[in-house]
Every structure is written in structure tokens, then in C-alpha cells.
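The following pair of complexes shares a single chain, chain A, combined with chain B in the former and chain C in the latter.
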Partner chain A sequence: MASSQHVLLSPAELAYLHASLSLTPPIRPDGRSPTQFRPLVAETGILPGTNGSARICFADGTEAIVGVKAEVERTRTRHDFPSLDLDEGAEDDDDLDDNQRDVVKGDNDWVEMTVEIPGYRDDDAGTVFLSAMLSEALLADGEFTKRLWINRRFHWKLYLDILLISPPLSYPLPLLSLTTHLALLATRLPRLKSEGDEDPLFDDDWAAAPYLYPRPTGKKGSKKAASAPTARPPVTLLVMAVGNNIIFDPSKEELAVADVALAVSVGESSSSSSTTSTSSSKPTAMDLDTEETKGHNLRLLSVRTIDPPSRLTPPGIPNASNSAYGANAGAKDTEKKKQQQEQARTAESEAVEGVWKAPRGGAKPLVMAALVQKVLEKGGVADEVLDALDGVDLN
Partner chain B sequence: MPITILPPKAFRDQPPRRNLNHDSDDVMSDATSDSEDSDSQPGGVSLDGGVTIHPRKRRSAAAASSTFTKRPKTNVTSSVPRSAIVTPGERITTDPQWMRGHGTYLSSASLGEQAITSSLAGIVTRTNKLLSVRPLRARYTPEVGDLVVGRIVEVQAKRWRVDVGSTQLAALPLSAINLPGGILRKRTETDELQIRTFFAEGDLVVAEVQQLFQDGGAVLHTRSLKYGKLRNGVFMAVSGTGGGGGVVRSRRQVWTLEAANNGGPIDVILGVNGYVWISKHVEPVVPEEAKGQTGITNLEEVVSATMYSSQNDRIEPETMREIARIRGVVTALVENGLRVDEDMVTKGYNEAVELALVSADGPEDVYLGGERGEQLAAALTAV
Partner chain C sequence: MPLDTSAYSLALLRVDGRRWNELRRIHAQIRTQAAADGSSYLEMGHTKVMCVVNGPSEPGPRRGATSGGGGGGGQSKNAEVAVNIVIAGFSSVDRKRRGRGDKHILELQSTISQALAASLHTHLFPHSTINISLHVLSQDGSLLAALINAATLACVDAGIPMTDYVAACTAGSTSTYAANDEGADPLLDMNHQEEQELPGLTVATLGDSDRVAVLVCESRVQVSRLEGMLAVGVDGCKQVREILDRVVREKGIKMIQEGTVERGVGLNDMELD
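Coming up: the complex of A and B.
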């Protein structure tokens, strides 16, 4: 599956890029350090008709908008097991007060995510893959949908519309993920006035509307204690490896020479839930709870390998077997041609310096582990990205 | 710090051509206030007796009715706002005193009245009585003699199709290239069969526009030792920047720059189409047997021998670093709406080397994005 778009680069360019990214330290074409992201401009609350929205714009002009809309939906009761939900609720009732009879539970159907990339159909494999990755990260820990629970009969249905406004100049996953993150942080749902299982009634006052993700330092609407660490929406980071170098937020050209590319989804959870929650069924998505220090309480939510376009690139032709090169060009006699063909055969199997050769074979497990480790490092990139996202003014 | 997140800028401080998105409201209100305040507003007495209605006002009117309504046709501006953004099909003026310039056309408004209408999304500019619309973003329009950098996207039987950032693909006929070894002969079927050995899909070429078709399509040629396949460097596209930014036609589009920090000589090719190639400068290697002989034809043979190679030479890390720095300079120039030419790139590069000296990471720091790019641009415009 073509999970990342094909880029047309000449073998000479690919060879140069690969050589410069394999140096220690790597020299990226735009001069960034390996862990550095492209500078971006971010704002929230740009769409007045939504519950939460955000816009992120990279300096190169790639730009994404995310709008989050919520509507109240009646929770479907299972007709084949009519009493299942009630039974479970009743069991819990034994332990809990009458007021707390609500067992908060969520359903993945409560979130609907659409991704739109200009120039691509919405059922294009790449678009579907992007949306699957983003929603997978969001739903992985099952904590998110619990926030949408109103009472046993009603829930919020959340529509996330993710729009890439510019043509995809680079693989848009990190951009879309960061924008979605900000939009969800800025999302507010009207304050519930009704109680229990009655039809929900909401407060008209938008200023009183609590945030979907309550914030510790929030001025208004934060219900939780000020010091409690709060959960936050996940962030999906694109990491790639060239040789021994690990590079974050690759541009299109850099991705085109990647040996391995991974989309790593990282979430932060409140310390209480992190131990009890179970991760999704994916074997790679193990809980790697890092010890709690001053940093973020990072959790690995999901890992996906991105098929780097480098595998589809045509190989360069070494001068030795290039019939349009130098002395070979005039070669007319069959003797010379035969010699050339033999040289070409050896050149195909061996790497020649300065000639591009597409990476072959799968990713090495050690490299993959190193990539994930690098993301989750204490005080590492994911930590700092989350810190920086905290700094964005939410309104 | 791996990530810098900046708040959105107020577009007021910036030149109008950078209004690529969304915050155009500000500009429009600027334009409104400008034209209202100033007495120098063009147009004199409006002939149809109407009030000048600027986009901002129409917008708010539309917003007031709380539905998105089409602009009423009666709202024809009889005078011309100073620098408002217009969209294709938007009427600029019906006043007959204006002449139409680039980016506009005449359309019949009502009862034989001619209206100057924009055919582009851009900013209205006036030169005396000439009205033209400067596009926000524009594709390259080829002209004969332009030096362009292009990418082969299609290989056909007798020609290549080359992406030069224009509205159409340019054509590079097989007959318009130099054969390796400088051989002069008619192109045969054998050449046609092995057309991919010269240029294949994805290859970058530097070429010259030889001829133009009626529809604006270009025909290229590489029949010079200066032209041919590109290697040993990086490519970047800064095309599409309308209104003064980006690469401009200048005296020299190709030059060699002596890089700092032991970078050695570096070639910079600024294609007029906004495609830029920055590479290590390589002196042609003269083979041993040809050393004794001299002459122009011999040199031609030697140079064109490496013309179709796709194998990079050995490039030192120092050179790569300086190449990345030059690329950063060009990016910074474009992002800050400055023109890209030899003078600016050289100045910018020297400035960037100085900036790196005072940066925390020392001269090896080649990053010029974000704030540093702005710093660089500020230093360049201050001179």
C-alpha cells in the first residue's frame, strides 16, 4: 500500500541526500538538527461554529485546519442483549452510591474522523491510512471516548474534520496530528445542567463550558484540582532513520531516502489511569510507562511503519555501466559492449559510492526499538513537543 | 529546543504580497481606511454616483444577514481601492478613464458599459491610468533565452517532457541535446531506443528556452557545455512567488561561490522558473591520454563526457554543510518576500556565516529557519 506519496527525485539527488543524512551529525537540507521540527505557526479557536478548532501552518506553506463538532446522540441499546448494559450497571450499583450509578463507558463509534487532502480522493489509500492512524492513536487507550459520556442514555458524538489546506508538500501526518491535538485541547462542551439519566439539558453560557480535556492551570471551566496531572490528546510523530541517524519531522525529500519511517503515537495520561488501562490489541503497542518525574507521563499508544517512498525510487547508474558516459559513449565494437555488460552486472549487486541504491529488505528490529526509545526519552522530543503545545494560547 | 511554535502574525506589518492566506481581512480593512482617509484617491468623481463599497463592507453586510449571499451586482466600485485583493471575475471598475493592464479583462457590465474585471487573484496596482492585477502566486511564463532548471517527468519517443514550473510541461527534443563525447551527427533510431540513458524520469536538467509555442509551452535545449544533467547537490523550488519575491531575471543566473569554513567552491544555479540547484563545483577531469592535446573541441569532448553521469563525486561534509547553508539563505529570502539573485544570495550567505559565528552551536550551525531567517532578512534589508 502506498502509504506515502511517491516523489520524483533524480538518483544524483537521492545519493546526495542519503550521503548528507548519513553523516554524524547529519546535515539536513534545511539545516535543522536531527530532532528539530520545522517552525510552525499555531492558533486555536479560528472557527466560531465549532466546539474547538485549530490551525497550524508550517513556514513552507503547508497548512492544516481541524474543526471539532459535537452533537448529542442517543446511546444505542443493544437489542440482542437488551439487559446487558443495565446488568453491568446494576452490578456496579452494589458497590457505589446511587449518585454514582453511572458507569462511564465509551464506544469508538462516538468519534467520527474525516481527513481531507487536496488532490486525493477521500477513499484513497493514503488518506484512509492517515485517518486510521490518527483515530487509532486517539482511541487506543479507550479513555478518550469516556469523556464523551453524558449519561446512560445519551452521549456526545464527536466529529473531527481534518483538512489539509495546502497541497501535501511533505507527508502530512505530523502536521495533521499536531493540529488535531490543539483542536481537541481547545474543544469545549456545554456544561450539563440536568442530572442522572434524564434528557440532557445544557447551560447556555459558553463561558461556563468546560474543556473536553480539563486543564490544570485553566482559569475557567477546569473542574479538576489545579495540581492534578491531566490527560491530553495523543501526538503522532513521524520519525525516520537513515543509516545510524534518527531524524524527526522529515521533509518530503528526507523521507525519500529513509531506510525506515515510523509513525509513533504518544499520549500522556493521568497517573491513576496509566497503570490500570489496557492498551489495544496491537502487539507493538505495549505500555511503556516512564517513571514519573517532572516531565510528562508519556505512554506509547501505537506504532505504525510508514512505507518510505525510497523503496520505489529508481537506482542510479554508476559511471562504469553508463553507456552515455565518457569513453563508453563512443564504444561501438562488441568487445567493449560485452565488457560493459559484465561491469553492469557487478555494479548492480555492489554499492558504489555516490550512486543511489534503494534500500532493500525490512527494517531492523534494533533500529525500530531505537526510534521508539528516542521518542519516549525523558526530556526528549515528545516531551518538548508537548511542552511547546502547552504554550499555545487557547481561546 | 526541537520545536518552535509561534503565534500567528498580524499581517499589517508585512508587504501585501505575503498575504497568502486567511488574514486578508486586515489588508482589506487597511485598504478601506487608506482610501477613505486619503484625498489622493484615484477616480475623481464617481460617474455612476454610487458610494465606493470595499470588500470589507460587503463582507460585513453579508455577515449581517447571517447567510452567505452572493455579492449584489450593484456594488460596482467606481474608484479603485489601493491595494485590495481581488478574485477572478471580480469587477474592479466601470469607470472608462482607466486602461486595463495585465491580469484584467474587459467585460460588458450593462447597456454597453465596459467593466475592467480581474482575471487573477491578486492585488490591484495602478500605474498612472493603467490598472493591473499583480498575482499573489504565479506560475512561470517561459521566455526565449531563459535559463531554467527542470525535472524530466516523461520520456517520449523523440523528446522528453520537462517540468519547469510553468502551466504546461516543456519539451526537450532529442535533437536539442549534445551527444556524449561531443559527437556531431544525426540522431538515429539507436539514440531513440536508448533515450533513457541520456535523461530518465526524475532527472534534473539545466537548460535554456529555445522556442515558444503559441500556447505558451516551451521548447528547451541543452546544446551548450553549461547545460545538462545536474548532480552533486541539492534542489529546491522557490517558484510560484508572485509580486517581486523569488528568483528574478538577472544578468547572471549561474555563478560559483567561494564558501566559507573550508567549503570550497559551490555552484549556484538560479533557474528563472524558480527552481534552484546548489551543488559542489567540479572541475572537469581531463583524462591522461587527452592531456597533451589542447583545443576547444577537445575540451568539449572532455566536459560532455561527464554530462550524462548520475554518479556523485565525493563531497566533503564541509561542502555539504555550506550547501545546506546556501539553501537556508535562499529559503529565508523567499519566506521573507525578498528577491533571489546573485547579489542577495551572496550577501545573505556572508551574513549567514557571520550569524552562525555568534550562534550557540558555532559555525557548524546552518539552521536558518524561523526567527533566524527573519533576522537574516532584516540584516539584508537594512543594508
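Coming up: the complex of A and C.
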């Protein structure tokens, strides 16, 4: 599932689309504003056989289902692991609890993610890249796998199966990411009844099962007021730039003329202290939660460039060098021909108004910075998306 | 967990409380997905499948995942019915991941493809492909039957001409092969637990007729029991056909009421309330 699907647009149409997207404000083919997402329908808890599940339908008809299944797995004992002093722990229970909290740590092997896209093999490069991008965002800060820790001998193994139901009409990354986000929010693991390092024993009562991502205790309306800082699974947004315009959630046609396309993963940190500690260790992380204002404590988890399909589009030819428009008809003598060849060469290297030319070279650092900045802005798009996902009823 | 079949003779009730000739709840929807030519969602008990049909269209670049089914390649006079089944990892109780090349899935694909190719008017669409992709979200027995029913509904939604519904269901027998019980009753519509333990078969018929389109039996069973099982299965298929037909008609009436489709000739006879 490559981002470069065949878009049946002629060079002239590509040029027109590129020109209209470079205007200020840009004019998108479907009339959205640059930061507007496609409308979507979302529901959670659709599959009672899973620990958590979600389904999202975009307005263009693309649809994805994510199911999360958890299994208890024995943690591999490592030889470098500090030996367990079970006797000592049994003597003073209070200390044991503290010790355990220190020990809690996760392993990236505890999460397995598979992406299924109809018509594509599961070992297709594009499919593998998609699942790598999604799991990378989830595992980036190492906080997620800590939630799967049961005790020193056992952990949860989480299987995330992502199904794209519809044929991939647009690059499915935002859809899959939002669906995964909702499924993880709806995921519940059985309540642990055993204590310490015993073999885990769980409560049969599903109603008592805690959520993997505990939610604020306040009521729906007063969620903002309670503002208990809760962690959320990451969201990966697809952002692209055309000229100096930044456009969110591009459709397939828009992606076909993108200068740069980025997949930006954003997470919400649980507390500011943990944010600073992790951000200092990660060079790419940006700390934007210094001021205590409303909104989410957004944190950059990962950035990936997506190869924009525009690089594979056929270039247009200016009329001056197009033989169909009589470019070579009048060229009798070699002198004139030579001149025209030179003209054609400049046309190839320089941008001509209204003629499509595939973008060459890398992205400008300033544009890249602006893209990331725009995502992380307070009250920006990522904030809006997270707020909107808050509105989905989790059951 | 072995299924206790000894209790059946006491109250003549099965593990899930059904009588021998009762179907599980069948719930179906068509046109669930806007982007596809045809789509459906079908639940038979706890077995849940989704189907998306695209086509008939020009055959695209050959991708390895499709199984060439009835009708042959894209260059033939008949449309090719390409079926692609994805069994989600979370569909069964214990997560089991099946690869694309799984023999069981390949067999399901070719069975469905051949059954539909016989029922669809593929000769109307030469040099083209009908892509049927099926997603299994949850399994609890009668998987093949659910897949066939979902595919039929999606083909109806896609507006591909076909002779009649291909309706499928399963039938089994109340005692195991080893028990060699002559007085075993046939059972209709088996769930996963029964499928594990008891002999069973999947049968699909064409519309109202008794013409069998698919008959798959993967377990050992005495020949003397087969006739009874088949009779019950064919009878179940007729019930399933009624249910599928009702789903299509309800959706059709709804679409006319909403004004999505114009009221055609002959539709005046239909009861619109």
C-alpha cells in the first residue's frame, strides 16, 4: 500500500490543482478549509469478543476496523535482571509495593500490530511501513508498554489487528491511526485479583475491568473542568505542504500535487514532569506544555516523511515546445531549431505558469518546521482532533 | 472443552437452548459502505462478516492474493469472480493469525468464487473482474455459510445480474461419528462448539428451488445420516433465503421512500407504508 497510487489526472489538471492549492487561502477540491478534516462516523465496542474495538467511516467511504486482543504471557527472565528477593518482600509488604513500582518496565515485543489492506499482501512494503509508523508512535515514549506490566513474571501481550474494509481510496494513514486510537481508548483488561509476583488471577466481572487508559472520573460535561491530566494513545496526522500552504488530511488528489507530505505523531502526556524527562532524552521532542493553559499537553512523538506521489507524476510540456502546437513547424533552419531546443530546456528546468512540473529536491527546513509547529499549536488541529475523539461514546 | 451431547436426549435442547430445527438470529444489512459498488454486513449468531464488492470492472494488475475462480481469466468471455477473504486475528476466542496462503482460506475462496460464478450472469461482462472481499470479524461456526450469504447480499447491492439468491446454512447430527448412533437427529445451523464435536456439512441452494449450489462436508459421518442432514440443510437454506430477501426488500423500500431511487415500473404493487 504505497502512498503513490495511480491518480488519473493529466499534467494540466495537476497544474490547476497545484495552483489552486497554492493560493492564499488555498482552495481545496472538496471545499474544505486547510485545517479541516473529512467528516467521519465513529463507534467503539463493536466486537464483544475483543478487549477493545473501534470502527471509523470517513465521508469518502473508506472504513477501518481495529480489534485489540490481550493475552497473558510469561516475561522472559533476563540474566541481567536484578534477582528477586521474594523472602525479603514478604516480610514487609509496604516496601514491596514501592519496589514493584520501580521495577515496572515494558518491552516493545509486548505489542504486535498487523495491518490488513484488501488486495495487498501483508508483507507488501507499503503495508509494513504503515504498521511500522503506527507502532512506532505507540512505542516511542516507552510509557505504553509499562501499562501492560502485570508483575515481575507476567505481562500482557497486546495484539492490534487493523483492518481496512474499503479499498484504499486515499492514503489510509490518518484513518487507521484514528481508529487505533479509539480502539485503544476502549480497551479494557480484566482486573487483577492476585498480588505481587503470584501467578496472575483475574476478576471474572467484565464490568469491573479497568480501562487500559484510565479516564477522568468527572462527568462528560465537566471533563474539561476536572482536567485531570490523562494520557491518551498517540494520533498520527497526515500533513502536506503545497508552496507555503499547510494542508491537513489530504485526499488522494491533493496528495498527488504535494511538495512535502509528513506523518506527524502526537501524544498527550499524562503529567508535565514525565514530559520534560522524556523530551530531554529525545532530540526531536518539543516541549510545549510549559504554560498551564486549557487544551491538551501535546507532545511530538515521531515524524516521518511520506514519499509524495507527486514525484512520479508525468510533467507537462509548455505549448512553446509542444510539437502538437506547431513548435517545430516553423523551424526550418538549424539556427531556429537550436534556439527552440534551448527554450525547451529552460522550460524543463524552470517553472512555467500553468504547466505541471513534479517537485524535485528535498523539503525546505522552514516548511518542515512550520508543518510540525502547526500540528502542535495550542488549540490547533491536533487539539481539535483529540477533542472530537473525546466526544465518541466509549462503552 | 468437549461438548456434552448426552444431555440433548433429555430435553431435546442444544447447548445454546435451540431446538434441532432452529436457526440462530440472522441480522443483515446491505449498502453499509459508500465507497464500494456493493457491500453487506451479516451476523449469524456470533459469526459476523462484512463483504465489499467492486466491479464488474476491467481487471487491474494481477495481485497474488486473489484466487482465480469460476469463469477463468480476464481475457475470457465470462467475468472472473475473484474472492479475497481476510480472517481478522481477533475473530476467534484465541488469537490465531492465518497467513494469506493458508490452505483453509484458499479453499473457502475457491468454493465461494465457483458458487457465485455459477449464479451470477458472468457472460454479460466479458474481459472483466468482479472483486469480492470478505472480512471475518467474529467467528462462531457456520463460517462458510455466513460468507456465502454475505457475498450474495453484496452482489445484489452491487446490482450484478444473477439468477437467484445463493443462500447457505449448515446442518449437523446430534451424535458423533464414533457413537454410531442410528437414532441421531439432524441439527440445523451449527455453532462453533457443535462444529468442533459433531459431524456437519454446509449446503447452499439456489433460491427457492432444491438445487444445491454448494455442498461441503469436512467430517466423517455415516451415509445413513447424510440424507436427513441434507434435507434439514436445504430446508434451512430456504429460511435463510426468506431472511435475505426481506433484508433486500426492506432496503429497497427505504431507498424509494428516501428518494434515492426512482420508483420503477411494477413497484406500484409493492406495499409502501
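The rule is simple: the second predicted complex is superposed on the first by the 318 of 395 C-alpha atoms of A that agree within 3 Å, B and C clash if a C-alpha of one lies under 4 Å from a C-alpha of the other, contacts with A are read in each partner's own complex, and residues count from 1 in each chain.
Just so it is clear, a residue touches a chain if its C-beta (ideal position, glycine included) is under 8 Å from a C-beta of that chain, and two chains touch if they have at least 3 such contacts.
What you see is a predicted model; the values in this text were computed from it and never measured.
After superposition on chain A, the partners chain B and chain C collide with one another. When the two structures are aligned on the shared chain, A:362 is found in touch with neither chain B nor chain C.
In the superposition on chain A, contact is made by A:10 with chain B only, not with chain C. Between chain B and chain C, B contacts the larger number of chain A residues. When both complexes are overlaid on chain A, the residue A:63 reaches chain B and chain C alike. Contacts of A:163 after superposition: chain C is touched, whereas chain B is not reached.
When both complexes are overlaid on chain A, the residue A:36 reaches chain B alone and has no touch with chain C. Look at A:122: by the touch rule set out above, it reaches chain C but stays clear of chain B.
Of the candidate stretches 1-9, 91-99, 217-225 or 235-243 in chain C, only 235-243 runs into chain B once the two complexes are overlaid on chain A. Once the two complexes are overlaid on chain A, the chain A residues touched by chain B in the first and by chain C in the second are 57, 59, 61, 63, 165. Touching chain A in their complex are the following residues of chain C: 33-36, 46, 48, 50, 52, 54, 63-66, 84, 86, 88-93, 95, 97, 99-100, 131, 133, 135, 137-138. On the side of chain A, the complex with chain B involves touching residues 8-13, 15-17, 19-20, 23, 27-33, 35-43, 55, 57, 59, 61, 63, 165, 248, 253, 313-314, 316-319, 322-327, 329-330, 352-356, 381, 384-385, 388-389, 391-393.
Residues 1-9, 20-22, 151, 153, 179-181, 183, 194, 197-198, 200-204, 229-236, 287, 305-315, 317, 320-321, 324-325, 327-328, 331, 335, 365-371, 373 of chain B are the ones that touch chain A when the two sit in their complex.
Residues of chain A touching chain C in their complex: 47, 49-50, 53, 57, 59-63, 65, 67-69, 71, 114, 116, 118-122, 159, 161, 163, 165-167, 169.
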